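Chain naming follows the written order as A, B, C and D, and within any one chain the residues start at number 1.
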Amino acid sequence: MTDNILEIRNLGVRFRTDTGITNALNDVNFDVPRGKVTAIVGESGSGKSVTANCIMRLLQPPGEIVSGSIMFEPSEREAFDVVQVADRDPRIYELHGGLISMVFQEPMTALSPVYRVGNQVAEAILCHRQVSKEAALAEAHDMLQRVGIPDVDTRINMYPFEFSGGMRQRVVIAMALVCHPEVLICDEPTTALDVTIQAEILTLIKDLQAELHNSIIFITHDIGIVAQIADYVVVMYQGRVLEIGTVRQVLKDPLHPYTKGLLAAIPGIVPKNQRLATIATSVGDADITTPYPLKDVGDGRMVSQP
Amino acid sequence: MNTKAGDDGRILKVRHLSKTFDGHVALQDVSFDLARADTLGVVGESGSGKTTLARCILRAIDPDLGGSVEFMSEETGDWVTLSTLKHRELVPLRKEMQMVFQDPYSSLNPRMTVRQIIEEPLIVHGERDRDERLERVREMLDLVQLSQDSLTRYPHAFSGGQRQRIGIARALILRPNLVVCDETVSALDVSVQAQIINLLEDLQKTLHLTYIFVAHDLAVVRHICNNVLVMHNGVVVERGDVDDVFDKPQRNYTKLLLSAIPSPDPDIRMQPAERSILDHAEPVVEGYGLVEGPVWHDDYGLLFSDVLYGGVYAVDNARQVTPVFEHRRGIGGMVDHVDGGLVVSGKNVSLKRFGETESVLLLDRDPDNGNVGYNDITTDVHGRIYAGSLGSSPVFDDGLEPRAGDLYVIDLDGSSRIVAEDIQLTNGLGFSPDGKALYHADSRRRQIYRYEIDKAGELKPREVFFEFDSGSPDGLAIAEDGSLWVANVMRERVNGDSPHDETASQFLPGRVLVINPNGSERTAIEIPVPMCTSVCFGGAGLRTLYIVSGSNGVDGDRRGGVYRYEAPISGLKLTPAAVQPRLN
Amino acid sequence: MLRYVIKRLGGMVLTLAFISVIVFVVIQLPPGDIVTSTLERMEASGMQASDEYVQNLRARYNLDKPPYLQYLSWIYNFVQGDLGYSYIFSKPVNELVWERLGYTLLITVSAVLFTWIVAVPFGIYSAVRQYSIGDYSITVVALIGLATPNFLLALLVMFFAWEWFGVSIGGLYSVEFRDQAMSLPKLLDLLTRLTIPASVVGMGGTAVTMRILRANLLDELNKPYVVTARAKGVRPVKLIFKYPLRIAINPFISTLGLLLPTLISGEAIVSMVLNLPTTGRMLLQALLAQDMYLAGSFLMLLAILTVVGMLISDLVLAWSDPRIRYE
Amino acid sequence: MSEAVLERPPDSQDPIAQVAPEELDLLTPKQLAWRRFKRHRLALVSGGVLIFMYFVAGFAEFFAPYATTYRNVTAINAPPMDVRFFEHDGTFHFRPFVYGYDLHINEETWAREYSENPEKLYPLRFFARGDPYELWNLFDGNLHLFIAEDETGAGYIHFLGTDQLGRDVLSRVIYGGRISLSIGMLGIGLTLILGVFFGGFAGYLGGWVDRIVQRMIEVLQSLPTLPLWMALTAALPAHWSSLRIYFGVTIILSLFGWTALARQVRGRFLALRNEDFVIAARLIGSGQNRIIFKHMMPSFMSHTITTATLAVPGVILGETALSFLGIGIRPPIVSWGVLMEQAQNYQVISMTPWILYPGLFVVIAVMAFNVLGDGLRDAADPYNTGGL
């Protein structure tokens, strides 16, 4: 058993529409260490969500994987390449929610409005294990308690629209974790939430991770969140990986000009009356658009550079 | 910039602005001033009312009656009351104040070219000359760093950042003085956000703009704003210089908000505060004027007085209110007397003792010596009564020489004397548990004095025990562990107005500040209504903290009431000094 | 939920009140009235009506009173269940309308059933297999169905039934049953014969509903909650039925309400072509003869039928969609 | 380093996003809509068909070989003729021709039966002088697209056969189209006016006006339309000229058709009122009218027109149904419905099926409108996945 639960190699994705072809991912490479939190950070269009959908095999047409592999090695199973699994292959459903599960950005719309939250969580269990509905509901109840839903006994029978955004996101998290997946993918789970709620959700995810020791891929555009939650960081830009390293390496001593630019553009970091850097200014004439391959620059760091 | 009549450097005066959308209060009693070329941040979470505030100021929404928004028009060179103008009358003023929106997509008409969008304001304001207009539009494009060939394109051709630039151009082409940015950079990616922020800052320098910057990203606000309003549930909970507020927040909500920001430095772990610190004390009775002098009475339950509308009332556990004396305005402090009966004091009220039947004058006020009455009072173990006189001050506009108040003591034989002097505005009084020290709040100096008491039971010279950064101390109670529970009135004068103009103050929700015996701050208990005037302990085992609040003193206002808070201190009892000897 | 029901019931009563006024006005619209047309006929047949005879006639039909009083007495009696007296059939309206209305209801309901039985499966198919051959062919058929006036459809059906099978499909019962009392074979005969009017009347509606269902389903298919459900491992078929369809069905239900007026209209004309013993033909006669009570009753009762139907569809919707129930 | 690259997510739903920016950026919204519309082939075709139909109907006098009143007594209930190039004996004619009828009475059924008579050979003459007419009651003329006559000037042609009075079905279909199609347009005109008026008011003023209009719509939408139409058209006085009847019917039809449109206009209005760009327009000081007409109108006109298009079929079908029942358009004016009035029962149809031809044209026209409407809707709204 290697210490990487996921190894993504040369992943390429493109979107073909009647108006043209866009390469969403070009030659994406990175590892997801077991039992750690790996953050994928990038701005919109960087392809971070597409990457997640590939790992989840949720990529919908017109999107298609054109190259590469995603080696997935669960603890009690031999490794397999997610990309190679056929659509109708039962392993897909095992994957969905069983081995890997996902928390999405929009808590308001991520739950079906017409089913009680308890049933929606319980369904996740019933999809993967042969247990009675009662048993499933009981587990759902515990899980909901675990994610900090107050007064579960009554709330388990409520409908999503009776919940606040934060509470809904807790439900979604419960739904994602109820089958004890080995990998949890969080796709901007707090972007739609207020900052105080965001803090609560982040704390919750951190605590649960410490408790369950599962591997987390955390997708975000917010450097602050990265700093707070991640062990490792993958910086993406225009469908490419620019830099990989531990959170301290990347945030405290960025190597790639784009990463530098990104950090120099954040009001929180930049002193008050100092002018914010924009990518344009900070990158200067450094070339960040040509897709150089990732180079290993020692102590586990990778940077895309000539 | 040319200053005209009435121009005192301020560009905006907002007073008691409120907005109610069918029943639900979106904005409540907001007041602030805005200096020209200043940048005011308005922060808060969704539903805090920040956007409503922004739109009420520009009259995109009509605010409720009562409040007012005054704007220093450069045109007329005088104050204009925006909040009451007819929409038609507002049109000329639109030149001087504009808005930049949040959503770069819905804020531009998809069926107009960039040129049409940017020159629309000129057309509306009667610029006939096409070439002139085009000229101005081209200027604006340069100003916001958009290429000239954007002119003929439609919004769909632009990215979010570029669209925001278009929006800014539209807002600035009329050369406004006041620009309201409603979450202008929130929808943008970090790097683009940086560009727009820089642009806004540059434009402010070149065009002497005044910004109201509504945002939920506190980092952004701190970066570009000088002053900030923190809003929560439609109420301003804290305001001030952005660095002060962010570095040492006073209000629980602000603390919560700031503690929740994830720091971009991995070595600074965020420790979000508990949401429970927002829990308010729960109301017992409401709908009174200025409620004062609460005292717990084993027979009556809680006694309180209404300074504004008069009367002393008792409220029992069932929240049943029974009047004790009717029609007595101005009663401030109350305390049981060693010989039974209730001693009351107050503005323009002499110190009287009300027994079952007769009332005895204990200590008369003496206006000629600048003593217009007494405020809070307390008794020591022996039953001696300590009363702080209000002195006389312009606040009471009774035409007397302004004079600080004194602290009187009435001995058991009824003789009285002054034991301390020069108290700016006397308030809460109370003894430490061991009875060895007397604490005394001075509202105007915003200090709490501490008097050691010597063997003979005389007061030593006072020292300053505690200073208030925000708001001022009012009544206080002292717990068994020696902690001071001080009513903290969060009324802040809106800068620049006459100090005695009641309507010119911004009321923040009241709170009770808990101060450790060593003078350090422990915590704050907040109540939903503005003026927190006094506190006392009561209820079974005297474990409950009763908080009384007043209204902003304007007649007809009935936001005053009594609130209760279960004190989280184990075995909390009242100090001997505060325990009243039972009536007969 | 109860609050909602009460609210809707109140709304229904109000609507009906408005409708009754409209109906009354419409009935009063034609120049002249029963009396004048009577007199015309009498004069035509050379008779001379005495003034007091005319007076009696007017009094009998309340024509001597001002319109609003006429309306009030009409609606008052109507609510009492007294639908008035039909001039052309010289019978109380009560004896004329109910059976026919019953058949109208029967056909309309079966049309609704037909609509759903056909629309739901095909709608789902063409949404899930968007842009497939099947989708396109369903689409085309739907288009034609939508474009064919249903009386034309009725004619064609009859025509081909006659040409190919030599059967006359007019009427609700085969000849041999016409004058018999209701019996099991007669009932079966009725049901088999019902299929034709039901399908003819339901055709247009079916097309519409199918398009709506398809559209709704397509909208729902890519909603986040569907992706979430997929991500937690729900199998494809179950996914479609349990998630997007469950939601898409709601607006679909509410279209029943909008469908009813169309169906009842269609029924009125189709029944004339297929000469079924329902409201259509008699309503037409009544209208042409300005038989105000008969026509008025028909219009009013048909309206009630529709409004009640709409109410039912609303309640079903509320039952199926908690968001409405909890509002 | 352009923001465009940074900000256009490749996995965005917006179909515009996938194209190279430069290409689409230069297009106006109208051009974009046209692009989307062109993708909808069926809609394009339908548009063409409709234009053709309206053109033919417009110049009915020229396209129809005969007037509506022309009777060919020698050919009563005659079946359609087929156009030929070869005689029975195989001789080829460059100019297409038709054979005249021979009439026999069938001894058993006493039914009229027609057979082609090789002796009567009537060549088709295009752009030939035929029966005189007044185009739009303005210009005298006698030019027809085609007639059939031999040297002697004898001859007749009935492409779609004749009815029981020997009137040429094709000609009557063409003239009928003029009425049926124009009623569609006229009706929609009225519907538009009513719909935009009520919807606009309700949406813009809101408050009690809105509530009243809402209630009106509710009531009207819960009425079974046809019986009501019947009631109203039956109320049209018998002594009215058929032209007045025509307008009467049109008004009646649109009287109940405007509700859907009003609903939609109202909805758009309410939505737009709170759109940021409308608020922005208010904040720069635009007056009410400018806001409504310059900023709001353009944004919902497209949708309105779409809805209107989709509402035309309702009117056409309504007219057809009423006329079919004999309470709609009244002769001598002919409409497709009037023509079909003769086909009241299947006996008639089984004897002279060709009198159902008008129905075919109704179907085509209605279909075309529906498809066109869908195409327009998809074009007006890039995100619309519904419809056909």
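Here are some notes:
In this text, contacts are C-beta pairs under 8 Å (C-beta built on N, C-alpha and C of every residue); 3 or more make two chains touch, one makes a residue touch a chain.
Model, not experiment: these values are computed from the prediction.
A comparison of C-alpha centroids places A closest to the centre of the full protein.
Across the two candidate interfaces, A-C and C-D, the one carrying more C-beta contacts is C-D.
Centroids of subunit A and subunit C (each the mean of its C-alpha atoms) stand 54 Å apart. Separating the CA-averaged centres of subunit B and subunit C is a span of 64 Å. Between the CA-based centres of subunit C and subunit D the separation comes to 26 Å, rounded to the whole angstrom.
If you average the Cα atoms of subunit B and of subunit D, the two centres end up 69 Å apart. Shared contact sites, meaning residues of subunit B that touch two or more other chains, fall at 189, 191, 195.
Contact of a single residue of subunit C with at least two other chains is seen at positions 222.
Under the contact definition stated at the top, the residues of subunit A that touch 2 or more other chains are 43-44, 279-280. Across the complex, subunit B is touched by residues 2-4, 6-8, 16, 21, 24-29, 32, 275-277, 279-287, 290, 295, 298-299 of subunit D.
Subunit D makes touch with subunit C in their complex at residues 13, 215, 218-219, 221-228, 230-232, 234-235, 237, 313, 317, 320-321, 324-325, 327, 340, 343-347, 349-350, 353, 356, 359, 362-364, 366-367, 370-371, 385-388. Partner subunit A is touched in their complex by these residues of subunit B: 45-46, 189-191, 193-195, 197-198, 201, 216-220, 222-224, 243, 256-257, 259-270, 272, 275.
On subunit B, the positions that touch subunit D within their shared complex are 55, 58, 60, 90-92, 94-95, 98-99, 101-103, 106-111, 120-121, 124-125, 153-154, 156-162, 167, 170, 174, 189, 191-192, 195.
Those residues of subunit C that touch subunit D in the shared complex are 11, 14-15, 18-19, 22, 26-27, 29-31, 139, 142-144, 146-149, 151-152, 155-156, 158-159, 161-163, 168, 211-212, 214-216, 218-219, 222, 257-258, 260-262, 264-266, 268-269, 272-273, 279, 283-284, 287-288, 295, 298-299, 302-303, 305-307, 310.
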